[in-house]
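Each chain gets a letter, A, B and C, in the order it is written, and its residues are counted from 1.
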C-alpha cells in the first residue's frame, strides 16, 4: 500500500529539487539565486546538460521527469546513470493495431514514469508486474522514449507515404562490421533511469504488456559514470571507456532555442506535418578494443582524440577546461591538434560544421567476454538531430578513416525517428501519425 | 702573440653543435671517414669578428648587437690584470674565455639565440656590458628545425634505395660478366648500359667511397698510362673493349672483378651511416661534380651513352632530395619550388638533347651545348644547397 | 606528457620515480627502419609471387591445389600486417572477413583471401571465384607498389611488433580468422615472425638498458615457438581445431603478455 508520507507526493517537483542539488555546489547555488534572482528550475536549466555526468549522491528514487510535453522526455534531459536501448519488430498489420500499440506504450509510460502501487491480482494468476522493484513503483528518474524505424513504414503501404524524408535503413560505414542481429528494427525504445533495476523493470513491463505487437530484436544496456561533485562547481562531462571525456562539445541541451534548431524537427525542415516535434535518433553499438587502447602511448591517445586525457581540455590549450573552444584557425597545420584528431574531424568549429551539430546522449556498455577472451566493452552511442543527413551521417562521414578507428568497431545500431511528444493526458504517442494515416486512407 | 686559449677557440661551440661537425663526416664501414667537401662550401658566410677591448674599468664597446647564430668575438685585454670574459643569461654562463693575460687577445666562437645578455668586463666590480642578439633568418630556420625524429624516415628510406639499387648493380654487373664470358658482344653492350644506369643511381654516395670508386669507375684520362695503364680497370676498361678494341676478348677477369667490387659496394652501402645533412649535402656535391667534369668532357667516351646516364644520375640526385621535400616545403615553400623547378629544367634539357642528337655520340655535341647542360646542373646544385639551411642545419 | 593540478603532480612524481620517462628518438633507428623496409619488401615480393600461383590455381578450378597454396600464401601477408594495414582500402580488399559485411558471406562485396577461402572450403568449389582471384592479385600488386613508394614511419615500424600481437589477441586466438580452413596456425607463424623481426632489429638499441625486458619477451616468443612446433606438419601446421585447450591457454597468455610488453617498445625508443 502507498504510504501517505511517501516522498513521491510530498515533493511535487522532484525534478526541480534533484537538479538543484545536482547542478551546483551549495555556495554556487546561493550565489546564483541571490545574483540572478532566478528560480531553482531556471538555475537548473542554465547548468545541466546532456553531456554532464550524474553527480554522486544526488540521485533519488523519487526523481521524476514529466512524460507529457511537445517533445518526448529522455532526449534533452541530462542522462541519469543508466540507459538502455531496445529494438523491436512490430507486428501491427493494420492502422488500428498500430494505434493500439501506441496507446499501450503511452499507458505504460504514464504509469512507470510517475510511479505508484502495482496492481494486486488474484494470486492464482501470474502477477501483473515482475515485482522486482517491490510493490511500490517509484519513478527513479525514468524516461521512456519511443522511436520508429524505416521498416515500420516500408513494410506497410498504408503508412509508407508518411515516412520522414531522411529516415532510412542504416548503411555500413567503412570501419563498420555490422552484426545483423544487432541492427535496425521497426521500433526502438530508449529507457533511462537512475538505477539499472528501474530500466530492466520498465523493459519487462513493456514486453509483458505489449507482446501482442512487439517482438524484441536486440537490446543494449549502458551507464554513465557517476562523478564526485566538482571542486569549482563546473559540470564535468562523463568519461567513456577509453578514459576520455565524451560530450564536452555537445550543444547545451538546456538551451531550448538551440535544441529547437539542432534536435527538434520544425516546420522549416520540410518533414510530414505529423512529425513536427520529433527528432531523428541514430543508434550505434561501438565496441572499444580496450586492452589495446590501454597499451597505447598516452601522448598518442591524446592526439587521437585531440583532448588532454586528464582534464579534457583541447590540446591547443592544455591548461584550459574541457569546455574551452579550440582555435583551429590558429593551428592550420595541426601542430597542436592533429588534423585527423577525433574532435577536429567531428566538429571543425567553423560555420560549415555548425550545420552538422547533433546532440549526443551515449552510455558506456560492458557486456562480457569475446570469443578471443577480451573484454566486450564499448559505447552505446545515441544521438538526436533534426536532420539525419546533415547530422549524424555527415559527422560520421567526416570521421571515416580517423586514427581512432584502430581501436573501435561499430557492430550494430540503427536509425529511428523519435515520435513527437505526448501533449497531454488525453493524447497518446504517435497520435498525429495515426490521424494522418487515417486521413490519407480515406 | 695569442694565448693558448685562442687555439681552442672552437672548442665550446663544437660541444654545443655536435651535429654541425658530425655533419661534415660521412662515416663508412671500417671506420673510414670522408671530409664533407660541400660542408665548407655551404657554410654561410661568417659575420665579421666582433672585437671587444677590455680595459681597467669597462669594455669597449659596452653595447654590442649581433645576429643570432654563430658569432666570433675577439677579446683584447688591455688592462693590467688577467681577465675572464663571460656571456651571461641572467646568472647562467652561456660561454666564456678564461685567463686572458694582460696584453693578449683570445677568440670565442659561439652560437647565440635571440635575446639580451650581459657581458663581463674585467673585474667583477666593473659594470657589465650588454650583448643584444637579434633574430636572423638563420635563427628562425633553426627554430623551425625539425626534430631529429623527422629524419629517421627519410634517412632509412634513402638507405633502402641505396641498398636496392646497389643490389641491382651487383646483379647487372654479374650479367655483364656472364655475357662477356659467353663472348656475346651485343648482350654485353646491353648489360653494360644497364649496369651503368644502376651505378649512376647510387653514385651520389658511392662516388665518395674512394677505394671502390677507384676500381669501379676510373677514367683513362686520370691515369698515367691512359688506356694502357694497369690501373685502367672497371667499367671504362670494359667499355673500351666492348666499343673500342677487340670486343669481349680479355675482359673476363676485369668483368669478374667489377662484379665482385659491385657486391662489396652493396655491403658497404648497407652498413653506411648517414646524417640528416648528408641527404641534400651529397646531392649538392654530386651535382656540382657532374657539372664540373663529366658533363663538360663526356664520360662514356667509347659507348657515347652519356645522356641516358645523366638522366639516371638526376634520378639518383632526386631520390635523397625528394625525401626531404615534405620538410622543406613546410619550412620554405619558395625553396621547395626552386628545387622542383631546377630538377624539371635539368631533365627537360637532357630530354631535348637526347631527342635532337639521338644518333650522335655525346662527346661530339658542340661544346657550348655541353656547357649549357653543365650550367643547368650547377643551378640544380645551388638550389639543393638551400635545403640544409632552410631546415636550420647549418 | 602533460599533467594538471594536484593529481597531475602526484602522477608525475610516480612516473618519475618509476623511471617511466623514455629517451628521445634518435638516428640509431635509421638502421632498423631501413632493414625493416628491406624485410617487408622481400616479404611482399614473395606475396606477389605466391598470390600469382594461388590465384592461378583458383582460376584453373584446381580446388586441391588452391587449398594447399592458401595458407602458405597468406604467411607473408600476415608477417607484414602492420605496414599492410596502413593502406586501409587494400587491407579491407585483401584480408577482410565476412563479419565486416552486414550479411556476411552472402554479401557480394565480401572480397579477398577469405572470400576465396569460403568458396574453397565451404563449397569445395572455385565457382564464381575467378573475378575475386583477379582482384586479389591486382590488390596485392598494388600493395607492393604502394609499399615501395612509402617512407616507413618509425613509430609504425616499432609499434608494429605490438600491433601484430594485438591482432592475434583480439581476433585470432579464437580461430575466427581462418574459420573455414582452420589454417590459423600458419597465420600465427607469420604474425609472430613479423613481430620478432622488429624486436630483433631494434634489439641492439636497447640490449644494454632493457636486458630484463628482452629476456621476458624472448621467453614468451620461445614459448610460442614451442607450442607451434608441436603442431607442425610437413612444411606447415595442422588445423586449428587440433590445438588442445591447455596449449591454447598458454598461447593466449603468451600473446597477451607479448602485447602488453611490446606496447612499451615505442616508448622505450622515444617514439610516443
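As a convention for this text, a contact is a pair of C-beta atoms (placed from the backbone, for glycine too) under 8 Å apart; a residue touches a chain by one contact, two chains touch by 3 or more.
As the structure is a computational prediction, the values presented were derived from the model and not from experiment.
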item	value
Pairwise touch network: line, ring, star, complete, or other	line
Chain at the geometric heart of the assembly (C-alpha centres)	C
Gap in Å, rounded to a whole number, between the CA centres of subunit B and subunit A	63
Rounded Å distance, subunit A centre to subunit C centre (Cα mean)	38
Shared-contact residues (touching 2 or more other chains) in subunit A	none
Two or more partner chains touched - positions in subunit B	none
Subunit C, residues touching no fewer than two other chains	none
Subunit B residues touching subunit C - in the complex, by the definition given at the top	147-149, 151-157, 159-160, 163-164, 273-276, 323
Touch list for subunit C against partner subunit B, complex	24-27, 29-34, 37-38, 41, 151-154, 270-271
Subunit C contact footprint on subunit A (complex, rising order)	172, 174, 176-180, 183, 289, 291-292, 295-300, 302, 308, 310-311, 313, 318-319, 370-374, 401, 405
Subunit A partner contacts - residues on subunit C that touch it in the complex	1-5, 7-8, 88, 92, 97, 99-104, 162, 166, 169-176, 252, 256, 259-260, 263, 266-267, 272
